[in-house]
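The structures come next, written out as structure tokens.
You will see two complexes here that share chain A, one where it goes with chain B and one where it goes with chain C.
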Partner chain A sequence: MAAIESALLQTGRLDTLARQDTAVHRIDPRAKVITTACFVLLVVSFDKYTVAAMIPFLVYPLALLTVGRVPPGFVLTRLALVSPFAVVIGVFNPLIDHEPMVRLGPVVITGGWLSFASILLRFLLTLSAALLLIATTGFNRVCLALERFRVPPVFVVQLLLLYRYLFVLAREAARVLRAYRLRAIRSRGVSLRVYGSLVGSLLLRTLDRGQRVYTAMGCRGFNGILHPSIPLRFRTVDAAFVFGWCAFFIVARLYPLPQHLGHAVLEFLS
Partner chain B sequence: MSHHLVEARDLYYAYPDGTAALRGVSFRFTHGESVGVVGANGAGKSTLLLHLNGCLSPGRGAVRIGDVQVTRKTLPDVRRTVGMVFQDPDDQLFMPSVREEVAFGPLNAGLAPEEVEDRVSKALETVDASHLADRPPFRLSGGEKRAVAIASVLSLEPDVLVMDEPTANLDPHARRKTIDLLRSFHHTRVIATHDLDLVLDVCTRALVLHHGQVAADGSPADVFRDEALLAACHLEKPLRMQACPVCGTGD
Partner chain C sequence: MHMADALISPAVGGAAWAGAAGLAAWSARKVRLEMDDRKAPLMGVLGAFVFSAQMINFAIPATGSSGHLGGGLLLAILLGPHAAFLTITSVLLVQALFFADGGLLALGCNVLNLGLFPCFIAYPLIYRPIAGTGLARGRVMAGALLGAVVALLMGAFAVVLETTASGISDLPFSSFLLFMLPIHLAIGIVEGLVTATVVLFVYQARPELAVAGQGSTGSGRAVAVALLLAAVITGGLLSWFASGNPDGLEWSIARTADTEELAAPGEGVHALSAHIQEKTVLMPDYAFGDASPEESAGVVRTGTTVAGLVGVGLTLLVAGTLALVFRPRRMSRGASA
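Entry: the complex of A and B
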């Protein structure tokens, strides 16, 4: 329960980070959304055994991290929290795929290990980019950008409210759990039978709250479209941000930069 | 401005599960009147409030705001006239920042951005929350949340303010600030509450509900002196009107 509460406070930290004023924060949210989308698409488009060619892509999250003054520890702990998903997806590859791909002296690296590493790297790149997008933009401004891109308002409103009420719902869940634990002194954890009714009561509360929130919105004239009051201005800097980064991503995608760099170094040495 | 009138005629309402919440409620609140709606839990206070701006439609009877009867067609007008502050501010504060929260109503009403800006700063100033403008609403304290919830309704410049338990869950200082704020308004105010001292402070009229019917309607001082009535309606004299057990003063 303490873990839930502290995780929630950390969610607040994302908002605090997003309210900083740096060069990255000042970039129009639309520019950052396009750039991040382009980044993610190109990263996932790599062949399943690619590892080295993806490394130049690390520059983008590292740049956002440094210029946007986001503490690296903040990003890393969050990545670590969700990393089990990526590990579970890739962990069986080394057992299934025994095809030798790379020989480093006596060490043979199989295709399975390569694809596993590739999955982890993709996970690291895409997730850190998404996280940094929010940490340097703010969730509401990301949603605002989506709205301007004509993403159906239904989805944008859903996203915004999900983000807003995650906090409230998790706190409600924590209260229910605390009440349970105080009266179930001997039992460890929540038994399956009780678990069902706990989740059920939480669902009912959620529905109730949903109804109340909707009523409150209706009272202030809500008609399905949010009108965020933040005006957006797409400046030359924003365009430069998009084109500069996207050009870099495309070059890095088409040409294996580390390989070229290696060749260049070798040529220089010989 | 006849907009400030709130009139209910013989309201009946039953919830879908068959619970009769209102059973023939009638009243007429006039311009600038401040009315405390009191009664036991389940007496029908919240249900009544939800009728005043059309969140619920009566099974029988009608509500009129000024010259307009509350119907599906007049809903947009009614909601601009009647501002509703909910009991749990978390239900009402859903935008990512206080400023956007307060701007939500005016933007939905289709006002120009400069006008919206004006109204937001005015509303925040009124509730003494200008310094919170850029904070996310869910990180505020209970008292601050309440103030912002009130501002988010004031920004629509309603003629009638309807509030459900405005002082619930507040610390004494925040409660006092809310009471002072409510006293400073010139709107027609309808306040449902268990805080009878608040009614003495703010209201010129008290409407006692009991089992979905009006049990009493009069000046708070008169209504709260009727001990038999209060007992029948599961109420108690406001603390201020009770004998003080510590210093032995009072009546």
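Entry: the complex of A and C
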């Protein structure tokens, strides 16, 4: 139950962050969606042993973080809480791949460790990009962008409703669970015998709610299409945002910038 | 189990995205053709319901651990396959954005793994034929159990396939599969039990819902044909790209190696790129084993494509056999949509 409440709190916090008014927040949601997509695609297109060349990509999440006034600790804790599937699978790489790849004096780094580090970096980059998209845009505006990208209205409408009712239903679930806990103190989870009726009654209430929502929307003239009241304007700044960042990503993808930088510094010193 | 951005290559992610987007567009058209504008609000609240139900953990008997509902098959039973597919897609989208589950590129893979199999295979080919339109306890139980197990096993198989085709993880195909399948067999059994108990409770309280959910099934044959096409296309193209990708890598390595500074550090970088080429060109886990390093890229590519197609064929064979096994019952009941 505490877990539900804290998950809600965290999600609500993302909404609060999204309601800020900064330079990043003012960028058109479509521009941010496109840029994020470009970012993720280029990050995962790196070869599996890349670590150093991926570092410049950190600039994008860091920029959003600072300009968008998102607390870094918030993003990092969320990443740490994520189901660590990628990390669990990645751990096997050092155990399987023993090929020595990089030699730093006496220290030999095997391909496995290199690819594992690469997986961790990918994990950090791609997921923080997704979280920051929401933290600087807000869900409703992302949905609006989707609608403009010609995603079918049925999908967008139910996506918006899903998000709106997420909080209502999760609170309801928390109440049901609290009532159960008070009556079954020692159990760690709901016993399977009760689960059906517990979740089933939650489901029945949900279906009733769906009916009520539909009736209420019907009374206001709903015919399957939403008419959003947020105006969207794609300005020059938005275009500059997309092209600037995408150009940077492409350059960083094609040229290993840290290596060039290192060589330049070494040359300068010698 | 959510597939993660960190483990997939752009070719695999892109192919899965294309497949998922196509299926979603088709499903959205189907839902729209039903001309039932009550559907969208219902889908929305049921999606939110799946979230809240996932927060309620149940105790797994005799293990001391606890689990939660996945909800794919449950949504398919309540909404019909097309609407359920859209709802699962949006649940996964919210999870990717807010809970950082998986990531945005992996979303396509996740939609296929967790949406395609329960909605378009487990529900129409397994659950419906077994459970029928009646409210018989045993039938619903058996249908949900088998459906959930098959959906989860296929999903797990797809995760393994996507991971090995991407080549970021070093886990060999077979041992990864051996690691994933037993876990998902167990998860599937629990998921089936839980789905059945919830469905039975709801049907007992509101028998009219059982009938209401039936109208929205697509014709089985169209689904099967679409699936076959999608599978062959993804399998063939995906593996072709999967081995095409190293060519792109070689190209970029060649580019970087051309610049003078890079050659300078001597053994380090040069040896590294040689290793990378050796490792990536062949994709030893996925192509045929006897391919030698001297083989041209074209030959390797055919090998990989063949391997991909063989994988797809096997999957379809398993699915087809399951469908055949359960077909007589449907015939005898005459309960096809």
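We take it that the second predicted complex is superposed on the first by the 237 of 270 C-alpha atoms of A that agree within 3 Å, B and C clash if a C-alpha of one lies under 4 Å from a C-alpha of the other, contacts with A are read in each partner's own complex, and residues count from 1 in each chain.
One rule holds in what follows: a residue touches a chain if its C-beta (ideal position, glycine included) is under 8 Å from a C-beta of that chain, and two chains touch if they have at least 3 such contacts.
Quantities reported herein were computed from a predicted structural model and do not represent experimental measurements.
By the touch criterion defined above, A:A130 lies against chain C but remains apart from chain B after alignment on the C-alpha atoms of chain A. Contacts of A:L14 after superposition: chain C is touched, whereas chain B is not reached.
Judged by the touch definition given at the top, the superposed model places A:G221 against chain B, while chain C stays out of reach. In the superposed pair of complexes, A:L177 makes contact with chain C only, with no contact to chain B.
Shared-chain residue A:A86: touches chain C; no touch with chain B.
Look at A:N140: by the touch rule set out above, it reaches chain B but stays clear of chain C.
By the touch criterion stated above, A:L232 is placed in contact with neither chain B nor chain C.
Put chain B and chain C next to each other and count what each touches on chain A; the higher total goes to C. In the superposed model, A:I109 makes contact with neither chain B nor chain C. According to the touch criterion, the shared surface of chain A, contacted by chain B in one complex and chain C in the other, consists of residues 139, 160-161, 163-165, 168, 209, 213, 217-218, 222-223.
Residues of chain A touching chain B in their complex: 12, 15, 19, 138-140, 160-161, 163-165, 167-168, 209, 212-213, 215-223, 226-231.
Here chain C touches chain A in the complex through residues 1-10, 13-14, 24-25, 28-29, 31-32, 37-49, 51-53, 55-61, 64, 66-67, 69, 78, 86-87, 89-91, 93-94, 96-105, 163, 167-172, 193-194, 197-198, 200-202, 205-206, 209, 249, 252-253, 255-256, 261-262, 264, 267-268, 271-272, 275-276, 279-280, going by the rule given at the top. Residue ranges of chain A in contact with chain C, taken from their complex: 3-4, 7, 11, 14, 36-37, 40-41, 43-45, 47-49, 78-79, 82-83, 85-86, 89-90, 92-93, 96-97, 99, 101-103, 111-112, 115, 118-120, 122-123, 126-127, 129-131, 133-134, 139, 142, 152, 154-155, 157-166, 168-170, 172-174, 176-177, 187-192, 195-204, 206-207, 209-211, 213-214, 217-218, 222-224, 254-256, 259-260, 263. Here chain B touches chain A in the complex through residues 50, 53, 55, 76, 79-80, 83-84, 86, 88, 90-92, 94-97, 99-100, 103-105, 107-109, 113, 116-117, 120, 134, 136, 138-139, 152-153, 156, going by the rule given at the top.
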